[in-house]
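Letters A, B, C and D name the chains as they come in the text, with residue numbers starting at 1 for each one.
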Amino acid sequence: MGKEGAKVWFIPDAYLPSSGSGAKYESHEAICVLNTSNINANLRLTFYYEDRDPLQDVLVNVGAKRSKHIRLDHPEELGGVRLRRDVPYSIRVESDAYVSLQYSRLDVTQPNYALMTTIPYFEG
Amino acid sequence: MGKEGAKVWFIPDAYLPSSGSGAKYESHEAICVLNTSNINANLRLTFYYEDRDPLQDVLVNVGAKRSKHIRLDHPEELGGVRLRRDVPYSIRVESDAYVSLQYSRLDVTQPNYALMTTIPYFEG
Amino acid sequence: MGKEGAKVWFIPDAYLPSSGSGAKYESHEAICVLNTSNINANLRLTFYYEDRDPLQDVLVNVGAKRSKHIRLDHPEELGGVRLRRDVPYSIRVESDAYVSLQYSRLDVTQPNYALMTTIPYFEG
Amino acid sequence: MGKEGAKVWFIPDAYLPSSGSGAKYESHEAICVLNTSNINANLRLTFYYEDRDPLQDVLVNVGAKRSKHIRLDHPEELGGVRLRRDVPYSIRVESDAYVSLQYSRLDVTQPNYALMTTIPYFEG
């Protein structure tokens, strides 16, 4: 069995739209994490902006053999941090265990929503 | 000729929407597999959740020199397994032959549907 | 300067929707190629299906220092080959020069269209 | 700590739609850059076309520990260069510092917009 992931992940295109008009969903971004290992993964998130210093040391835990879709519009999933909406930003995720990541955005600003996803750039 | 693929693939962001209102299509996810080799590929899928142990050992076969778009909303393509809808999950795919994978989702919850796709993270 | 690309690319999720109702665009897939080198790139495409042998040796040329967005719904861009619509398939692209590739799909089956894109898996 | 990025990035599928009918947004492409390093990153962009020589040496700066979402429809973010609309093209980005990149497109040609994103191919 290989490493089953990497330890540092980079998401240059992050953007949290203002809440939209969707009937079922609301606009959001998610960092989706897969931890196939036998140990908990402790993630440290850093948020980078265009016009100010980074927001550091946001901690998230992903259990062993678990999936976690971290909603970036839910402060309670980010240790109480409320991210700014409608501004461009970027995200760096560092984990003490090997994990795989995927970043997705759902935008419901208009009645019919739009989706996008990618596997971020990674190292280590 | 190279390996023509990898043996372990990771899809952190999986989500099977409840069937939507599309006239032609229904909401679905697909794991699309390309096997350019001369041998059959035996795939073993594991599904990871946020709140329970993984669902293991779902087997799928992809013939030599064949494409297969595995529909995750079709239990008959997953050995009878019916995946839970409207819950976040992740997927690990292991193959005994080198294959290439792509993950896509079509969401028709609203009248005009949304599409997303990515090449998953891979190893081996 | 590096290689500036790779020589073999794999697109597992290909699907050419029937022509849709868009006012400005029609449904299509495109293999977008960037050739930053000083030589022409000769591409050889193979199309893989679920239920039949591959369709081989479709040739496409991309000039030195040129971009080319190959429309898969245009037989004249594929040496006269007309691809089947509404069936899942996969694509392998081999080039004699290093190129970079991106695969995109625009679906206008419904009035408001959907977009998806990814960098394919690559080797060599 | 690793390199935290790469120095050359390739985006084969670029296309800047004519301005659309969205109420809140206008159609655009963005090259999103994350520079986690302690030095400024000087980016040099080259635009490749199907029918003419490349447009070279467009310079963009991304500050240390900053995010920048470069809007390709804003000449003032490209040193005054106004890119052609409604034509297929490709982009090569070279940086003197390690950065990570993501390419996204928002198309509002129709009332409900479409989104796509990917991490480009990279080297170095």
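FYI, contacts are C-beta pairs under 8 Å (C-beta built on N, C-alpha and C of every residue); 3 or more make two chains touch, one makes a residue touch a chain.
What you see is a predicted model; the values in this text were computed from it and never measured.
In a homomeric contact, the two copies may use the same or different surfaces; for chain A and chain D, under half of the interface residue numbers are shared, pointing to different surfaces. The angle needed to superpose chain A on chain B by their Cα atoms is 90 degrees, rounded to the nearest 5. One inter-chain figure worth recording: chain C and chain D are separated by 21 Å, centre to centre, where each centre is the mean of the chain's CA atoms. Among the residues of chain D, those in touch with two or more other chains are 111-119. For chain A in complex with chain D, the touching residues are 8, 10-15, 46, 48-50, 53-54, 88-92, 105, 107, 109-121, 123-124.
Of all the residues in chain B, the ones that touch chain C in their complex are 2-6, 22-25, 30, 32-36, 65-69, 100-104, 106, 111-119, 122.
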